[in-house]
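What follows are several structures.
Below are two complexes that have subunit A in common, paired first with subunit B and then with subunit C.
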Partner chain A sequence: MFARLSETQSVSLPPALWWTAVALALAAGLAIPSFTGLDVHLDLSIIFIFGILALSMGFMWGQVGMLSFGQTAFFGLGGYTYAVCSLNFGETTSAMLLAILLPAIFATVLGYFMIYGRISNIYFTVITMVVTIVLEKAIRATSDESFVIGDVWLRGQNGIAGLPDLQVPWDPATTLFVTEVYYLAFVLMMAVYVGYRMLLRHRFGRVLLGIRENERRINLLGYDTRRYKLAIFAISGAVAGLAGGLYAVWGNFVAPEMMNLNSAASVVINVIVGGKATLLGPLIGTGVVQWLTAWLGTAGVGQVNLVLGLVLIGFVMLFPQGILPMAAGLGREALEAARQLFRRRDLAAAALRKETNS
Partner chain B sequence: MHEIVIHLYQVMFAIGIFVLISLGLAVIFGMMRVINLAQGEFIMLGAYFCLFATQLGLDFWLAVLCAGLGVGLFGILVERLLIRFLYGRIMDTLLATWGLSLFMVGLVTSVFGPQEAGVDAKLGKVTFGAYSIAEYNLVLIAVAGALLALTFAIWRYTRFGLVARSVMQNPTMAAALGVNPRKYYMLTFGFGSALTGVAGAMLAPLVGNQPTMGSFYVAKAFVTVISGGPAPLTGTLYASTLFGATDGLISYRTTQVLGEIGVLLIAIVLLRMLPLGITGHSARRA
Partner chain C sequence: MTPILETRGLVKRFGGVAAIDGVDFRLEPGELRCLIGPNGAGKSTFFKMLTAQYAPTAGQILLDGDDITDEEPSEISRRGVGIKNQVPDVLDGLSVRENIWIAARGRHDTAGADHAVSEILERLNLGPLADRVVGKLSHGHRQWVEFGMVLAINPRLALLDEPTAGMTAEETRRTAELIREMNRSMAIVVVEHDMQFVRTIAHRVTVFDQGRILAEDTMDRIQVHPEVLRIYLGTSGHA
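Showing the complex of A and B:
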C-alpha cells in the first residue's frame, strides 16, 4: 500500500517547484489573450471549461477510485440551472451560484442512496450512467409548451438559447465578453486544480487516497468511508455544475446534448487519454482530445463517434495509464540512458588515463 | 372489466419488453460478470439484421433467426478481439465496450445513414371490447417468456449449462478437470449476444430503427440485471416484473419518460435497501 502511494507521489513535484510551475502557468495563461484573436480565446475557454469537468471526474476516478459517469448529468444540470435562473431573475450572480449549489444537492441525494447502500464501485458507475441517460431523456421530453419553470420554457431538444451574459457581481451593468470569459474560465480552472491538489494534501484527501488503496482497511481504522465518499461526490458534483454554468455563459445556450452519452464518453476519454493518476492528466487530455476533435471535424472525417470509439478502445487496451505517465516514463528512460552513456564515457576515459599512465 | 384486462395486457407487454432487452445482458453481465456497455448497440445490430433480411424478402420469423445468428457470431468476434484480453479487469471492460458502442454507432451511421427505417411483421390486430390490441404485441410477450424459459433450461438442465456454470464459478478448477474455459467464455458470450440479437429483431417492428436506438435500452437492461442480483435469470424475471409493471402503468397513464424516471427511482431506492439485488439473500442461484 505504501509502495503504491509513494509511486503516485513520485509523479508530482516538490511543493516549491510546483507552486512556481503553477505561477508560471497562470502568468502564461493570462498573457495569451494579449497576442491572440477572439477566436483563440473562444476555443481555449471551452477547453478550460471541459478541463474543469474532466478534473471533477478525474479526481474521483484516479484518486478515490470512484468512476462516475454522472459528471455530465451535473454539468447539464448546472447549465440548465444557470439558464432558467438567469432568465427568470434577470440577474446572473445568484444564477451562477445556484448552478453550483443545485448539482451539489442532487449529487448528495443521489450519492446517499448509492454510497450508503454500499453498492460496489462498478454498480456506482453503471447507476451514475443510467441517471445521466434518464435525465437527458427527461429534458428532451420537455418540448411541449406546458413545461415552463417560472417564465422559461424548457424547449426539449431544441435547448434554450439567448442566455444573458454573466454580469460582474458588484456592477450588474457590466457584462463579461469573450475575452473576460476566457480569463474567468482560466482562473477558475486553475483554482479548481489548485483546490483539488490542496485537498489531496489535507487529511481528508489522505483518507480518500486510502479508500482507493483499500477501503476496508480504512474502515477498520475507524473512518466512516461512506461519509468521505459522499462528501467528495458532492464536491465533484458542485465542480461539474460550475463547469456547466460556465458552458452556458460561454455559448449563451444550453441543450440536452450537454448530458448525453457522447458528452459523458468524451469526458472519460479526456481523462483516460491524459492519464488519471495525476491531476494534470485530465487537463492535458482535454486539451489534446479537444484539439483532435476539432481537427477531425475540419479534416472532414464524417463520424467523430467512430474515431472517439477507436481512441477509447485503443487507450484502454494499449495505454491504460494515459499519455502523461507514458511521457514521464519515456523521459525517465531517456534520462537513464543518457546517464548510462555518460558513465560509459567516464569509464572509457578512466581506462584511457590508466593506460597512458602506465 | 375490459379496463382491467387492458391494464393487465399493458403490464404484461412492458414486462415482456424488459425481459427481452435484459435477457442477453443477464447472461453476459449476470453470469460472466462482463460489463457490456455496447449491449444497446447489439440490440441495434439485431434490428438492422432483421431490417435487411426482410428487405431481401425473407419471412419475418426467419429474419429474427438470422438476427440471432448474426449478432451471436458478431458477439463471438467481439469476444475474441476485445473482451478476452480484459477478463478480471471489470473497469477496463466497461470502458472498452463503451468505445465499441461509440464505434458501432459511428460505423452504422456512416454506412446506412442516420435516418429511421421500419419493419413490418405483417400481423393483424385483435379487437377486445372498445380496444384493439396488435397481435404482434401478444406474440412478443410469448416469445419473451419462451426465451427466458429456454435460457433457464439450457443453463440448468443441459451439459453445456452445467459446464459453463462451473467455468464461471471457478475457471481454474474447471480447467483442471479438462474443460477449456476460453471456449466456454466465448460460447457463453456468443449465446448472450444471440439472445440480444433476437431481442433487437423482435423490437424492430415496434420502433423506428436508427443507429442511436441502443441508448434507449441499455439503461433499462442494466437497471434490471443489477436490481435482479446474483441469480441472473430469476433476478431478471423478478426485476422485469417489478419494473415492467411500474413502467407499463405509469407510461399508460402519463408519458413514457415519466415511466422511465419511475423505474429509475424505484431501482435506486431498491439498491439502498437491498444492495445485493432482489435475489441477494436467496440461496438458490441460477
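Showing the complex of A and C:
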C-alpha cells in the first residue's frame, strides 16, 4: 500500500497549529540540555544527524516518488569532505560549507545522467545503491600511504580520526563541544524539516507532488519534470552532505562504513518505520530505531541485528504506512467514536424531550 | 493562412501494427473539428503523437508552421497545446483545487493562479468538490477536473479525447456548451463516438479508419458518405 496525500493531509496540521507545534518542539529541544547529561546530548545529537539524513531520503521517496537507496553516498562524501578540508585548511567553516556543496555537485552530475538518461524508477534505486557501495569500496582501497589529498592520508578502512572540532565562524578560537554540537544538530534538523515543509507549499513542491502522482500529466501541463527531479535530487544530496559533515564533527571521525550497504539500508528502514507519507515520519522513525538499537544493546540480547531485523519486519507488517500515520489514524478513530457517542446521547436526549413535551 | 496544426505523412508503428499510417491533417486557427472513427482507428494514438507522448515512426508535425516533431511534451504544452486524454489523466492523490492550481501555476504567478483556479472551479461547478481528493471522485467528475486543467493552461489548441465518456445526458449537454465557449478563444479537436454530440458542436468532421483519414467533410455529407457508412454499418449489414 502506498500512502497518498489524502493520508498526508489528514496527518498534517493547519498552518497556525503547525507553526505552534514547531515553536514548542524548538523550545523543548533547546531546553533539554539544561536538565540532562552529556551522554544524553551525544545520543540525541546522533538521532538528529541521522534524522536529517532520513529526511533527505524520505522527502524524495514520500513526496516525489524517487526512491534513492544511496543517500549515504552523499552522507559519506560530506563526512570525508569535512575531514580532508578541515585537516588541510586548519579551518572548519569552509570545510563544512564544502561538505554541503561537494555532495550537491556530485548529486547534480549523477542525477543528470540518471534523470536525463530516462532510466526507470527501479534503475534509479539500483544505481544510487551501487554508487554508495562503489564509493565505500573506493575509500576502503585507500589504505596505502600514497592515497593522500593535500596533507591528509585517507587511511582506507581505518577511517580518519582526530578531526578538528567545529569552530565558530566569526570566532575561530572557540570550538563547539558536545552540548553545542547538540544545539547545532537540533537547530539544523528543525531548519531542514521546516525548509522541506515550506517547499511543499510553493510551486516547486506542488509540482514535485504532482510528479509523484502522474509525471506524464505534469509534463503535459508544460513543466519539464526532469529539471524538477534533478533539482530535488541535488538539494537532497546537499542535505545528506550536511548530515555527513555534522556526523564527522559529532564523532571527530569518518570511516567507509558511513557509505556501506548496512548504513544505506538503515536510512531506508528509518523512513519505513516512521512512514514516508509525512515529513515527521522519517524523524520519528530514526528516533525509534535508534532507541530500539540502543535498548537491545543494553538489554543484553546478543544478536542485536537479528532481533532488530525481526522487530522491523513485524513493524512493517503491522503498520505498513509507518508509525505516524498509524497513530494519527487511531487518534482520528478515537475522536470519531467519541463524536458518535455524544451524537447518540444528544439524539436520545432530544427524543426524550420530545416525548415529555408531547 | 498558416494552419495552426499540420501533420505530413505521419506514421506510428507498434511492432508490426501501423496504428497511424500516413496521416496528412490540417487544422485552421480557431477551428473546431471532430475526429470520429471505429475503435482502434488510431484517434488516441494520433493525439498522443501530437503531444509527444508517442514519438512518430515517420512524418512531421507542425504547429503554426514550426516543426515540433522532436520536441518534448512540456515544450509542446508551453507552445499552447492542451490535451485531455481518453482515460482520465489527473493527479489522483491531490485535491481538485491542487490539480487545477498546479496546471494554472505553470502559466501564472501565484496570485494569478489562485484567481484562475477559483474562476475555473466556478465555471465547471466544481466548487463544492474543491478540497476532495480527485482519486475518490466519480469518472465523470475526474473528467471535469481534467477539463479544468486544460482550461487552466489556457491553450491555443485543445485536444479532447472522448470528453463525454461516462457523463450523464445533462453533463454531456454542458460539455457541448463548454466546448463551444472554449472555441471562442482556441482551436479544438474533439474525438467523439456520440454522433448526436458531434452534430451539435462541429462543422467539419474527419473520419479515421485503420490509421488513415478516410474522409473529411461537413457532418451532413459525412453521414451519407458511402465509405463511412460501410465502416460504420459493415459491408453486408452484419454490424
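One rule holds for everything that comes next: the second predicted complex is superposed on the first by the 331 of 358 C-alpha atoms of A that agree within 3 Å, B and C clash if a C-alpha of one lies under 4 Å from a C-alpha of the other, contacts with A are read in each partner's own complex, and residues count from 1 in each chain.
Rule of thumb we're sticking to: contacts are C-beta pairs under 8 Å (C-beta built on N, C-alpha and C of every residue); 3 or more make two chains touch, one makes a residue touch a chain.
As the structure is a computational prediction, the values presented were derived from the model and not from experiment.
Engineer: If we overlay the two complexes on their shared chain A, which of subunit B and subunit C does A:L110 touch? Say first, second, both or neither.
Structural biologist: In the superposed model, A:L110 contacts subunit B only, not subunit C.
Engineer: Would you sort A:A265 into first (subunit B), second (subunit C), both or neither based on which partner it touches?
Structural biologist: A:A265 sits against subunit B, while subunit C stays out of touch.
Engineer: Counting only touches as set out at the top, which of subunit B and subunit C does A:I218 meet: first, second, both, neither?
Structural biologist: Only subunit C; A:I218 stays clear of subunit B.
Engineer: On subunit A, which partner's contacts cover more residues, subunit B's or subunit C's?
Structural biologist: It is B that touches the greater number of subunit A residues.
Engineer: Going by the contact rule set out at the top, does A:K354 touch subunit B (first), subunit C (second), both, or neither?
Structural biologist: Neither: A:K354 stays clear of subunit B and subunit C.
Engineer: Which partner does A:L312 reach: the first (subunit B), the second (subunit C), both, or neither?
Structural biologist: First partner only.
Engineer: Should A:G210 be classified as contacting the first partner (subunit B), the second (subunit C), both, or neither?
Structural biologist: Second partner only, subunit C.
Engineer: Check whether A:A138 is in contact with subunit B, with subunit C, with both or with neither, and answer first, second, both or neither.
Structural biologist: In the superposition, A:A138 contacts subunit B only.
Engineer: Please identify the positions on subunit A that touch both subunit B and subunit C, taking each partner from its own complex.
Structural biologist: none
Engineer: Give the list of subunit C residues in touch with subunit A in this complex.
Structural biologist: Residues of subunit C touching subunit A: 51, 53, 72-75, 77-78, 82-83, 89-95, 98, 101-103, 105-107, 110, 133, 135-136, 149, 153.
Engineer: Spell out the part of subunit B that touches subunit A in their complex, as residue ranges.
Structural biologist: My answer: residues 35, 37, 82, 85-86, 90-92, 94-96, 98-107, 109-110, 215, 218-219, 222-223, 226, 255-257, 260-261, 264, 267-269, 271-273, 275.
Engineer: Going by the contact rule set out above, which residues of subunit A touch subunit C in the complex?
Structural biologist: 4-6, 9, 202-203, 206-207, 209-210, 212-214, 216-225
Engineer: Applying the document's contact rule, which stretches of subunit A touch subunit B when the two form their complex?
Structural biologist: Going through subunit A, the ones touching subunit B are 67, 110, 112-114, 116-119, 121-123, 125-127, 129-131, 133-134, 137-138, 140-141, 260-262, 265, 268, 272, 302-314, 316-317, 320.
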